[in-house]
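The structure that follows is given in the form of structure tokens.
Labels for the chains are A, B, C and D, by order of writing; each one numbers its residues from 1.
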Amino acid sequence: MGAPTVTNAYNEEQAANTQLNELIERFRPYAAEGKCASYIPALANAEPSHLGITVIQPDGTIWRAGNWDVPFTLQSISKVLSFIAVCVARGIPYVLERVDVEPTGDPFNSIVRLEMHKPGRPFNPLINAGAITTASILPGETPAQKLAAIIRLIERLTGKQARVNEDVFQSEWGTAYRNRSLAYYLKETGFLACDVEDAIEVYLKQCAIEVTTEDIAMIGLVLAHDGYHPLQREQLLPKQVVRIAKALMLTCGMYNASGKFAAFVGVPAKSGVSGGIMTAVPPRVRPAGTPCADGCGIGLYGPAIDEVGNSKAGGLLLQHLAEEWDLGIF
Amino acid sequence: MGAPTVTNAYNEEQAANTQLNELIERFRPYAAEGKCASYIPALANAEPSHLGITVIQPDGTIWRAGNWDVPFTLQSISKVLSFIAVCVARGIPYVLERVDVEPTGDPFNSIVRLEMHKPGRPFNPLINAGAITTASILPGETPAQKLAAIIRLIERLTGKQARVNEDVFQSEWGTAYRNRSLAYYLKETGFLACDVEDAIEVYLKQCAIEVTTEDIAMIGLVLAHDGYHPLQREQLLPKQVVRIAKALMLTCGMYNASGKFAAFVGVPAKSGVSGGIMTAVPPRVRPAGTPCADGCGIGLYGPAIDEVGNSKAGGLLLQHLAEEWDLGIF
Amino acid sequence: MGAPTVTNAYNEEQAANTQLNELIERFRPYAAEGKCASYIPALANAEPSHLGITVIQPDGTIWRAGNWDVPFTLQSISKVLSFIAVCVARGIPYVLERVDVEPTGDPFNSIVRLEMHKPGRPFNPLINAGAITTASILPGETPAQKLAAIIRLIERLTGKQARVNEDVFQSEWGTAYRNRSLAYYLKETGFLACDVEDAIEVYLKQCAIEVTTEDIAMIGLVLAHDGYHPLQREQLLPKQVVRIAKALMLTCGMYNASGKFAAFVGVPAKSGVSGGIMTAVPPRVRPAGTPCADGCGIGLYGPAIDEVGNSKAGGLLLQHLAEEWDLGIF
Amino acid sequence: MGAPTVTNAYNEEQAANTQLNELIERFRPYAAEGKCASYIPALANAEPSHLGITVIQPDGTIWRAGNWDVPFTLQSISKVLSFIAVCVARGIPYVLERVDVEPTGDPFNSIVRLEMHKPGRPFNPLINAGAITTASILPGETPAQKLAAIIRLIERLTGKQARVNEDVFQSEWGTAYRNRSLAYYLKETGFLACDVEDAIEVYLKQCAIEVTTEDIAMIGLVLAHDGYHPLQREQLLPKQVVRIAKALMLTCGMYNASGKFAAFVGVPAKSGVSGGIMTAVPPRVRPAGTPCADGCGIGLYGPAIDEVGNSKAGGLLLQHLAEEWDLGIF
């Protein structure tokens, strides 16, 4: 009985890979409507026409297509991971006292709300202000120790070594004026728990951790299953922490298009200006035979981003899959 | 085979009703931490200790407890219904051009963002500015015709007649200065499609439509099933419109606690200052034997509201059920 | 002794008129860099190349040049007069409780600050919000009575009849959405003392009062002399009220260029979108022989306005005179 | 003829000193309604009941009373001096391109406007953002050189050596988070011309320059006379620069009470949180026999400040003198 199943699975996988490859070529031209982030020199050098995807299902099936194995840096995707790491280390109430979980409608690097809403608690951990606060309360005394908490989490989830891309880090470090402005503001209002330069170092290094679509697809898969790793068959993260993380991804994960993404795609996802999108598709009652009926993790990469900061081609491809495969959680 | 099933179902229903009644009494005291909305005289007269709930499942099972049958007015819950009505009548692109679907982090009656973000398109239809724009583009020339579109929708979903509570309407009409301020602002920027007074009349009347927890539970059930009415066995609303409505409820439905509600409760819900909460729990893979494993609609009523505008006891009760029954969509 | 003086005065006057006529022709071309206000149809019909001036000194000398006698409506210049009228009628403390006297840096029709600064007292009477509050606390029950208080004040100061240009009023009345938005906001926060429509009627009618440069030069002369009318030889207004009015003109009188105007021109002045500028030049120690050494009132008219709302050619001409004649008060 | 004049002058001076001493004791109790700035430890140690004044007239008459000789640090008063120094060194157009001269209505340390108004040019040099920009464009490469430009200016105007109070500087340096936040924001938008730490060092050291009421009275006197030093009989500063500085003092010099100060006191003045007020009273036509009829400089010191940052007793004393001696410029 086993052999035919394998064959079927193999054929299915072939078919899926073929379909994904077709979609990659169909959506790749939309990259021309975006452009690579230019404020970080190392990102500006990415190949704008790149588009890649990895889909991982709980049974271990992996579909890959396009430039799925081009390495890129996490950038804002890392905000989800630092939030999870700090909740695990400190407990949810400790974290919520220092950073709220409310969407804002403001640009990701906005400082206005810190002044307008006393006492200046950042509205959520996925905007820069909140992510810098989060970095400052990671466990450990030194930037290296704080960063290690995130690195360890990623390595535990992906089963692979993770490292900081030093070029990208250096390229941001010298010009991170706006982030330092945010950090000093938070320092004054008491929402930064370490030195400004230490917090900025942790934050920029977590942004510069290098991954591929496979890595973030795998992480997305574990998030989809509430912290349970279906391949390692182990509960790696507390369910409640992961649920909050997914709620944040849905309400604030796609920059100022988060609402439209929730409305038209409907899955928890987090993007970064490097062009990555990490998606967690929870299991849901779906018609039999639908791809990914039991949920999945999806990793996307397309470095040409739109005006709000999301991968242009990647976002459109994800929207197409969500409709085609009925991935939405609503 | 049928009889025992019936008996089981009956016993189950009894058990559930008993459980809900116990929960009502357990959470009722929290009403003391909130208070009835005072800016609308007719609302201030509500009995603050009231707390009621109705749960309706797709198989028709109905659980009711507490003050489930006390009538109250929809208030902001009506914003979901007018949005659906206008999308059905005008098409989604027409509506999205006039009102965005992004959360804001601002108070529900805020006017600031209309001036700060050109050209002043309201950020979403669940804040007052967006709801007033929505009211203005409802089909029909007169306020009566526009209101009829919402009334018809409600009657179609609940199978019962719906009517405006004239006392509540009159009580708001005379003092709706802030809403008129918003409406005139929208008129100037071109985001109001009818006369100010007409739009305010429609908006305040839709807010004053009277319901019970059963009515909004039934509407929540249909939303949970993407517009399909499981009891009437008919697709009443377009799936995509309902999906967008649920995304809006999750990202913006609980006033400025929407993010926390998404994080800690995790179901699409919309509250009103009258103390109602309409909840749509979509089907999801849940452990067998879990109550509402196939999703449900939940209607809650508890007129003592907290500082952001949500029913104090109702919100806590819903959070308890979401944890107990694993209702969250993430 | 009298005759030669007369001759000298006459010659001086001739010389001054000649000089002013030359300046008019020199600055008239700058009108091309501005344009007539278009949001009020009746203003859009003004002749953009018009430029006129009247200068009145305390000894009764009057210099006139260019289109000094073209009638135009007061628009925002009226805000100074309604503020004076209401201070005279109600006393300064009563007025200050309802409208502050602080500059804002915001656009004249901004609503943001009303929401951001509790309890929403308008920052000064020369922005629309403050002017509408001022209109609402003018003495009298009806709009006609309230308006009469301003009309009487103008007639007392100019010695001529004043009347509302009905065309301009009607042309604003139908589309004053933004002002109604402000008024309803003020109504909600308690900073509007009469009906919204009544306040708007008073406000728009005061804006539509018709004058010439001679009228506002005469008013400016009286303000320059702290409420003492040098020609009528009578103290018409309380000194302290006039001092506050001049401080307001200097700090907030020229829309969002008030600071630059204070820095580079340095005299209390108030402009209107119709292109008028009313200027009060207080007596000051000036070199003997300087024109207007004892102060003066200056009325300017040039309907082509710049992007912040001030007469383009009129502002430049006034700046030139201030430098040439050393008019600045600093 | 000389002797009696001297006697008269002497008697007058005695009388004036006596009057001032009486006023000091009359207004000193109002200090209890304010309190010393606490965010800078070194300022919190000041004696709150101190109140002192020096008045210097162009003929060299000096009146002193109360704690006129207690040294204090310039704090925000230094902003006027750095603005003058930079205008002298760079020319007015260069400076205006980098910092505007418009009042704001916002708190002195606000960052909101930098984000809300593109491209982020500070609104004026008397708010912190503008003062930090100003510090960064002072002539010189090093902080020491930039600071020297201000020190030299002060020494030239007072004829005395000026020095930085190192304790106060150190006490601010370690906790100047908000100012660093502003500086990094300005760095990102291109409105900071040197390193952040250098700009902050210059800015905090200029704030920590130590003076007495006599020093700022003397500087006020020179400003009153448009840069001409009546005692040194030399034009020390360009008239236009000084006129702009006085316009700024009047429109923005007294924090968020600048408008009320202009309305009720009516003289160019600049306060600091240390409790100093530097006032420039220009010559003006005043009744013969009025004290200071030819203008004067007034230095005040009273370290107990009100909620907006101005010396409580000092402000009231100045308002009294302005009314009594008719000092207002309007």
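Quick note on the criterion: contacts are C-beta pairs under 8 Å (C-beta built on N, C-alpha and C of every residue); 3 or more make two chains touch, one makes a residue touch a chain.
Labels paired with UniProt names: A, B, C, D = Glutaminase.
In this text the structure is predicted, and so the values were computed from the model without any measurement.
Visitor: With centres defined as the mean of C-alpha atoms, identify the chain lying farthest from chain B.
Guide: Farthest by centroid: D.
Visitor: In whole angstrom, what separates the CA-based centres of chain A and chain B?
Guide: Chain A and chain B have C-alpha centres separated by 31 Å.
Visitor: Take the average of all CA coordinates in chain A, do the same for chain C, and state the distance between these two points in whole angstrom.
Guide: Centre separation, chain A to chain C: 58 Å.
Visitor: Could you grab the centroid distance between chain A and chain D? Build each centroid from C-alpha atoms only and quote it in angstrom.
Guide: Whole-Å distance between the two chain centres: 51.
Visitor: At least two other chains touched by the same residue of chain D: list those residues.
Guide: 116
Visitor: Where do chains touch, given as pairs?
Guide: Here the touching pairs of chains are A-B, A-D, B-C, C-D.
Visitor: Chain A touches which residues of chain D in the complex?
Guide: Listed in rising order, the residues of chain D that touch chain A are 110-112, 115-116, 177-178, 180-185, 187-188, 196.
Visitor: For a test of understanding, state which residues of chain A touch chain B in their complex under the given definition.
Guide: These residues of chain A touch chain B: 100-106, 113, 123-124, 226, 242-244, 246-248, 250-252, 256-260, 262-264, 266, 268, 282-285, 294, 328-330.
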